[in-house]
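What follows is a set of structures to go through.
Paired with chain B in one complex and with chain C in the other, chain A is shared by the two complexes that follow.
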Partner chain A sequence: MTTDPTTIQVHQELDVRGLNCPMPLVKARQAIVKLDVGQVLKVISTDRGSVKDFQGWAKAANNVTLLAQSEEPGPDGKTLYLHYVQRTK
Partner chain B sequence: MSTALLEADVLAALRAANRNEIFVHELYTALQQPTNLLLLDVRNEEEFQMWRIETRHTPETLHLPYFFFLEEEEKAVDQVKERVQDGRPVVVVCAKGGASDYVAERLREADVYAINLAGGMVEWGDFYDVRPVTEQPDYRLYQVDRVARGCVSWVFISKGEAAIVDPLRYGERYVKLLEQQNAQLKLLLDTHAHADHISSGPELAKMTGATYYLHPYDAIHPFDMLPARMEYTMLHDGQRLKLGALQIEVIHTPGHTLGQVNFLVTAPDGETFCCTGDNLFIESFGRPDLGGQGERWAPLVYDTIFGVMKQRVPSHAWILPGHYASPAEANAEGLYVKRLEDLWRENHSLHFDDKERFVEFVLGHLPYMPPQYVQIKRVNIGLSSPSLDEADELELGKNICALSG
Partner chain C sequence: MSIATTETATMEVDTQSTLATNGVGDPVQTLEQRIAALEARLAEMESRIPKDKVTMVVFSGDLDRVLAAFIIASGAAAMGQDVSMFFTFWGLNALRKQRKLQGKKLTEKMMALMSPADTKHMGVSKLNFFGAGAVMLRQMMKEKNVTSVEELIDLCAEMGVKMVSCEMSRDVMGIDPSELRPDVETGGVAAYLADALESRVTLFI
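Our next item is the complex of A and B:
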């Protein structure tokens, strides 16, 4: 997972700010199957636990790859956790 | 206090009330005896490996990360169902109680009796068990145990005055206990500057006006070589303190840290208690390397245990340690106490009569040192002030203060 997130072409964004585990993953799963194979979903979360959760999910699921993860400060100062997930099947 | 309800009562009460949720104190009470419940831990592999729910009667535990319930719900549910065909309850656990709630609901839809642990491991990690060691007319002693971390603190009360030895992070818990006991906090005694958990000693001193004591050798950070930035009163070997009818003697016991001390408490009825901090435990003893000087400090551990302790602590004294590695170290009452004479016999790490072999053994059994231990020591001597979240993260998991094996 060494891809530079700024080079990734994102096809859809999913904003799950304010939602806690397990909702970021639940919503990401629903969103990813609506994309075409090969397309990328960018998930924006405020839940710190989502970092490990997306890693675990990508390992367990057979239809996604986690291309990259990054952090950035949000407008209200809270850290945003970004996940770039590609549908592979 | 966790008393009253027996295990069967807790689970029966939950079932009768049709509750889908259990609180940590209820779960802790239920796990004081063997139970048939299945613990389903749905956290990530890494978190599960780092720490999990353990008590004197740890139930059968199944680890199945929650995203399996998203990805392959039927298969995951079946895997749980197989284990509980007799209808026994499943308690579902995650980090904060959210994912476990989701999983418990899926299981209930499949007719499994599933209960969510409210607040998850965060709440479990913050749970303190308080139980009396002895309650005499002129003095009382309580064990305050932070169960998930294996950290033990001790509260002495005599004639309306109280002392806390190695106060753990949440100071307000002690304030509450002392209010119930109608006692005023007088002495805050840290056996050493801790590396594994944040002491509430300095904070409680500010809050209550009690005096916070520490040995000056531990007021210097062993890695940074910087002095403490907080108020404390210096302890020294041979110092005597008084608490109501109790006499307290300070014994310098270096090894785990340079400034580690024991507090030898003598009661009017002749009983003696020795708070050993991270010197002697019920099993094993404190590792000498958390200050980065394992090879230099290991011989001090030998001198302290086989010299100082043998000479100055009466063999009938009750040893009250600062940690345990396993809940199996408790006695039948759930207390981490043992007379020193029994410890010499039963603590297998003490069966040495040769300093060189002892040091070799110690250096050969040093476990992994969590990197956050350096930072926690900074916090404990006022060199750093973490936010609540940062403090939570620093203290995550079980203590690793004893030797391994």
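Our next item is the complex of A and C:
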């Protein structure tokens, strides 16, 4: 990802902390179809597998693109994985 | 032919008529024919390339295998794929809502009694230890906040995953259609193959 996450305008945040495969992806999918084309969904997950999951989704689907991904330490010591998904169609 | 004012406008038209009269219109026609032929071939090829589709045969009636099947199905559906699941033999137990015994022959009754009544009664494929393995798996899943099989099946149905029961094995195993989930279709091997042939991913679980 080349986009700096801090520069992205987020239209909706989705908190899926604590949920594991396949829920982060399923919930993200449900959320993104409710957005308009061009809008961005920020997904906050604690699932380590979600990093590759979101990359795979963006690659396979033709209606979303992954703008950026980042990691940051969460409040309780668990790492948070952030995904910035934009609806393109 | 006027040259001065309408030069550009008439230029093209003049070139065309010049070509035609000189018999040099043939290459253009040949090219057009070739393009038309190529377009026809392209259209035919496009209709044959695999679609954004995932098909699965669910043959196993083990909790761990059925769980894997539904995780893949829900993941694929979340990624925008068209998902079809074909349940046959032991996999049919995953679609059962309630077990019925009346109106069945003795062998069918025995088969019904020895099969798990639904996913909640399924064992794991290894280390089941007369059911303890399945209980442990469910416990571990709960601890790690993994969605249960029952919830996943409903989620899949909600996301439009097509679930088809194999008519032949359902009949052979003595399962009555009314025992299965109402949202399940029925089909035969050709129903599965028709979908599988145009899918990019097909799995046997």
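Definition applied: the second predicted complex is superposed on the first by the 89 of 89 C-alpha atoms of A that agree within 3 Å, B and C clash if a C-alpha of one lies under 4 Å from a C-alpha of the other, contacts with A are read in each partner's own complex, and residues count from 1 in each chain.
Everything below uses one rule, namely that contacts are C-beta pairs under 8 Å (C-beta built on N, C-alpha and C of every residue); 3 or more make two chains touch, one makes a residue touch a chain.
Since the model is a prediction, treat every value here as computed from it, not as a measurement.
After overlaying the two complexes on the shared chain, residue contacts for A:K34 are found with neither chain B nor chain C.
Contacts of A:G18 after superposition: chain C is touched, whereas chain B is not reached.
When the two structures are aligned on the shared chain, A:V26 is found in touch with chain B and with chain C.
By the touch criterion stated above, A:W57 is placed in contact with chain B and with chain C alike.
In the overlay built on the shared chain, the residue A:K78 is in contact with neither chain B nor chain C. Contacts of A:G49 after superposition on the shared chain: chain B is touched, whereas chain C is not. Looking at chain A, you'll find residues 20-23, 25-26, 29, 53, 56-57, 60-62 touch chain B in one structure and chain C in the other. Partner chain A is touched in their complex by these residues of chain C: 52, 71, 74-75, 77-81, 144-147, 152, 155, 159.
Contacts from chain A toward chain B in the complex involve residues 20-23, 25-26, 29, 49, 52-53, 55-57, 60-62. Residues 44-47, 65-68, 70-71, 94-96, 98-99, 102 of chain B touch chain A in their complex.
For chain A in complex with chain C, the residues that touch the partner chain are 18-23, 25-26, 28-29, 53, 56-57, 60-63.
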